[in-house]
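Each of the next two complexes has chain A plus one other chain: chain B in the first, chain C in the second.
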Partner chain A sequence: MSMSTGKLTKIVLIVLGSAGLYLLATHQHGQREAIRQAAVALTPDCAEKLGRYRLARSERYQSPYALQRTGASIAVRGYSEEDVRAIQRGCNIIDDTQGSLAKDPGRERWNATRFIRGTHSSCDHCHQGIGDKQDAGGNRMKGSLNLGASWVMADMYDRFTGLLLPFELRQMQCYINSSNGYKPNIADDVISDVTAYSRFLSAALELKIGNHYEEQGIDEIPASATPKQGDDYVRGEAIYKKKCANCHGPQAFGLETNGRLVAPALAGPNAWNTQSRNYFYYVSTILPGFICRNMPLGQENTLSNQECRDIAFYISNLPRPAGDRNGPMVALQQQILMTVLPPLMRLTKPAGGSEEPAEPVLERDQSRP
Partner chain B sequence: MNPPVSPDSDARIERKQEARASATRIKTLAMVGLIAGFVLWAHLGSGIQAFRSEVSSEPGWENFRADYRINHFGEDGQFVRAVQNGYNLVYYTHKYASRFTRKTAGDRPNSCAACHTAEDLAYGFVNSDRLDPKLGRRVSFEDRVRRCYAGPMDGFVPTIYDPVVRDIRLFARAVAHHLQLGEGALRRGD
Partner chain C sequence: MTLPQAVAFSVTLAGVPPHFGIYAAIWGVLFCALLNPSRVFHGGPNTAMSAAIGVTLLPVAPPFGAEYMGYALTLGLMAGLIQLQFFLIRPLGRMLDLISEPVINGMICGIGLFLIFRSLTTFGGLPLNTEVEWPLWIAWHSFLAVLEIGNIHAIKVGLITLVTCVVAQQFDRLRNWAILVGITAGTLYSQYLNAGRGLQSTLIEQIGNLSSIGLISPSLPLFNQEAMPDVISIVPGAVTLALLGLFQTVAAMRRMSRKAESYTDSRKAIFSDAVSNCLLPFLSSLPTCASFNRMWLVHKLGIHSRITIASSALWLLLLVLFLADAIAVIPMPAMAAVIMLLGANMINWEDIKPHLKDRREAVVFMGSFLSVLFLDLFGAVVFGSVLAFAYSKWEQAHPSISLSGNVLKVRGNIYYGSLPVIESMYHIAIERAGRVILDFSECYYIDQEGIRWLAAAKAGQKVAFADRRRSQVRRALERRKTGDDKRASGKRRGKRDRRQRSEF
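After this line comes the complex of A and B, so read on.
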């Protein structure tokens, strides 16, 4: 009797547990659906950009950007309300991944912070101009990681992964390495909304599938594009302190004021990891290219190729999290360095001494714009 | 006391041992030959795609390649091979996606091409990721392909990562590039 009661209790518990999980999943699913149907509160920059590109529900869409620049534009398929909301949410995720401008970051950004370690990372730090950086004249800028241009060139062979890399998998890599975080599911809204926004950008800029545009990716800087003085982190440190430390901090750990992020970390626990393509020891051409074309903000293209390589080399010598494939020993080493080095560096700072190093003597290379 | 061993029984034991050693050698050789034969058959004679990095050239591929200028992406390469596999999947679906369709060579229709032209797929690709009013949700190109396998092709749903889905997308992308389509491009008359 007692044995059969025990068995029955077990069965009831299993059924109740399964039913509970099912109800929880249904509830979560319903919540996500409600978010999809809810109006989107745009960040100020997204409101400006999407307003300028006249994103609205309509049968047809014509790019005001193309019309203004070429005097003609092609009518393409318009967007439904659902499509518009997906694009708006995608724009918000790029502009404010951590949700610092959102009333309810978890709901409004699909809880993107689930996939990020640290509090600094935002897509917009690399994909500036919300993935569509333009100069004052409205010209798209070379090597500015334009998301629309990336979309039209997606699915090509990627030399780093050895894959025909879809746009969605590329986004996953950003979360894993550039944000030192975790891989979202390919079907997660956090991925599909960014794809929707990137596709809209390619429509707004009238980009064609499979064409390469200058603004796509990074304008990489190999050593052969310098006078070949050799990359030098001592020189890099001097230039960093002069040009970058004001915003990114003396140890490149980023700068926060009153709880708001002013400039993201380039090293330390909030920075990209050693498996990221931004890491100089992994790929030595990408971070210099990013620095030259996008930094310092407002003074882009003012650093020489050698200066950019030196800064990148210096930054990459600072401690940062290890990538997943680096193994536990490297992870431990980086963790120790991240913990021990900052106080040590503060201790060894000369009392009353100037932090301003002398300007490095560097032969100007011909590639300087 | 042990019974005396006759020279005859010694010789018998030796013969048995030799026969056993010889049988083992033959078995080993047979196994090695079998494995080598299987490997050679798999790579050279089976025609099974999983064993070869090249893609089989089906009738019409060379014309397609020329018509849609696939050489823009290189004479050969990962992308071109994927497009070629996409071509095979679109025009010979029953043969190349046999895991995901119950259609056979004798059935009509038995391929994607029976309903869609290459250009249909390219336009479908640039107009994907939009709301489908019938389904009430946004549907990606990959989802449409998977629905085709399950529905009209009377088969099963592949995962989103499967080459039978991916290579049709790449095929559509290559055609869209040739037609110089942008996002949301409409056909004349649409």
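After this line comes the complex of A and C, so read on.
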């Protein structure tokens, strides 16, 4: 078996390449492990919430929330140091997904930005109150996408695809649709930490596995729940300008002041895509339900069902990114719309009209008791 | 040799249990040997087709489940029925010959690259995301995930398999056994790790129990009322599967004929593929198609008998019955490493190089290659087909025209597509020379519009026609034309032949 220099070179190259890949993988694994073992710098809101729920390393855990509200609480299995850090990191990811409050966003948020297109998306925009929205009286709010309540309903059948979707896969849907991004691997810490936090919330709120709670998911609003006037773009635009444009901007492209995000985009490149269930033309009941139960901040449940459907209809007609499964032609069409429409709308704006929205009225504190 | 590939295709790419691939390597080969008169034609499971099954079915049902397997069989049957149309409708089958080599090679290279990316997660021992997106950019995330969170034991097993395969390929005596040697090395290392640390610690996924495998495993495709919406949704996948199989079969037959200096009608291969794929879903098998590499190997081994090929399939069946326990412990990362290697082998520089020498061919090759990476498989197949037709039309529509003095020489076709090109040169020649001699000695097809244009040009009295073919050739062509016309008029009873040939 004679061997030429070329073949020998090939063998040496493949051996070196494989060894290099193995060493790189070992190094990356080591870095991940170091982050897992490191102390977590909490965001202010997470520090407040987790402090209130008394998250700490212990053999048993008793929910102070349940104790305060009912006078009794069941002691459940406690958390190890590792569990506590995972829950803290999960809370950080929900509150500040893109790491604007972190010193090293890549390390502290498990490179979450890698899975998100655009700069606005954060889990907290939909899962308000860091996934645990409560009113001033500490009551969990209906249709507020509570993560604890979602976790106890883990492994749900998806009613659109009929597939059994574990909690982790549902998070992946958020990444590809609501964040218009990519799926992290199901074994990624960015997924498992959020699962750990959601599971802790269910313990902190003393929610029972398999039970359906009102705060879980969206309180959907079908057309049958309206006076059946039909969903109207013009009405929707008028209500949007009155109730929403102050925060989300005149073209719903979101609002940033001094480099800080005030309100996320509802349209344009930073918004959810056309594959998302928030997209009215895909599912017409979810976005109206979200608007009615969660918007405007501090004035939740003040809009009528018809108004919510009108706003959702109007928003969904604004240009937004196409989902990856919509194909390249739809992506191109949406990209052109997103590029061409905003300047056209500015041009056709009536003279004397102000481009800048009025001072945003945010009553965020009320959503976080 | 087919055995490890068959197992790898089914579990890593198609998402079905290993016996699907094994039965395709047995029954697929047997049916093709019986149905195709070619002595070197070799069917069996195929990488691209297995990948197409996985990509089509992942959004529909969870892999390895009963429903998923039912849909896989339905998909195979639908593909077989579609392929049968290509045999029954002769012009449809003839269309496959119009798919040019740069298109097919571009697709094969693209699919090869896709296979490498597609196997990354299994290589790193990571769970496969459902609804796997096709686009290229997902691969980068998978690579980073393998580095950051992959199972380090799985990575080691995969790398050992890969290195062993590549090293074995460098030795002439081991080349044909390289995959088997690699898998054996990977399996032995994985067994060593499991013995030392325990499977619960290493977490290296294995192929699993094959005890259900038997001589024959009857099955039924899923066609009940509940499944209908999903069945309808996978129809584009079935078209993709059918076309991918036929493209490869026709291309393999063409290359094989050229290399072996013999000729076998590709229609026979279409027939054997189609009928086999209609039967295989009832035998728990993946669909089959020809593979040039396997056929070339059969040819090189000096096997020139269909009985030998058929008996090899039966030997494989006996082998599998005895080796079921050994196959069950093969680690999945080793299978992924094999797929990556096969993917890399599909990107052959010797095949690519000739296409890059000609600009037009290079554009078609790159278009076909990139369409696989940036569109889904269905989109790529459609794009590839359109590209192939556009390429052949473009070629026809651009005859070689040279102007020397006042002689305008046309080499190619004079038809509605090429007329604008010819006319523009004709008018330039008229402007320069005033009177032109149009030489179509090397013109081999003129359609009705071409004849009308020539008549109009002649009427303008600025052109003379020249045909410098030898009178012998002209007379022969005239005779052939007269014969053709008589036959045509006899058959069509006076109907005008729309594609009337004019020889001058």
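Methods note: the second predicted complex is superposed on the first by the 349 of 369 C-alpha atoms of A that agree within 3 Å, B and C clash if a C-alpha of one lies under 4 Å from a C-alpha of the other, contacts with A are read in each partner's own complex, and residues count from 1 in each chain.
The rule we apply is simple: a contact is a pair of C-beta atoms (placed from the backbone, for glycine too) under 8 Å apart; a residue touches a chain by one contact, two chains touch by 3 or more.
Keep in mind that what you see is a predicted model, and the values were worked out from it rather than measured.
In the superposed model, A:Pro64 lies in contact with neither chain B nor chain C.
In the superposition on chain A, A:Arg77 contacts chain B only, with no contact to chain C. After overlaying the two complexes on the shared chain, residue contacts for A:Arg32 are found with chain C alone; chain B is out of touch. By the touch criterion stated above, A:Asp324 is placed in contact with chain C alone, chain B being left untouched. Of the two partner chains placed by the overlay, only chain B lies in contact with A:Glu206; chain C stays clear of it.
Residue contacts after overlaying the shared chain place A:Leu21 against chain C, while chain B stays out of touching range. Using the contact criterion defined above for the overlaid structures, shared-chain residue A:Gly51 touches neither chain B nor chain C, since it reaches no partner. By the document's definition of touching, both partners, chain B and chain C, reach A:Ile186.
On chain A, the surface patch touched by chain B in one complex and by chain C in the other comprises residues 164, 186-187.
Against chain C, the residues of chain A that register as touching in their complex are 1, 3, 7, 10-11, 14-15, 18, 21-22, 24-26, 28-29, 31-32, 114-115, 161, 163-164, 169, 172, 182-189, 324-325, 327-328.
Considering their complex, residues 59, 61-62, 121, 124, 126-127, 129-130, 133, 135, 137-138, 141-142, 144-150, 152, 155-156, 159, 162-163, 166-167, 170-173, 374-376, 379 of chain C touch chain A.
Looking at the complex, you find that chain B touches chain A at residues 72-73, 77-79, 82, 125-127, 129-131, 133, 137-138, 140, 160-161, 166, 169-170, 173-174, 176-177, 180-186, 190.
Every residue of chain A that touches chain B in the complex is listed here, in rising order: 61, 74-83, 86, 151-152, 155-157, 164, 166, 186-187, 192, 195-196, 199-200, 202-203, 206-211.
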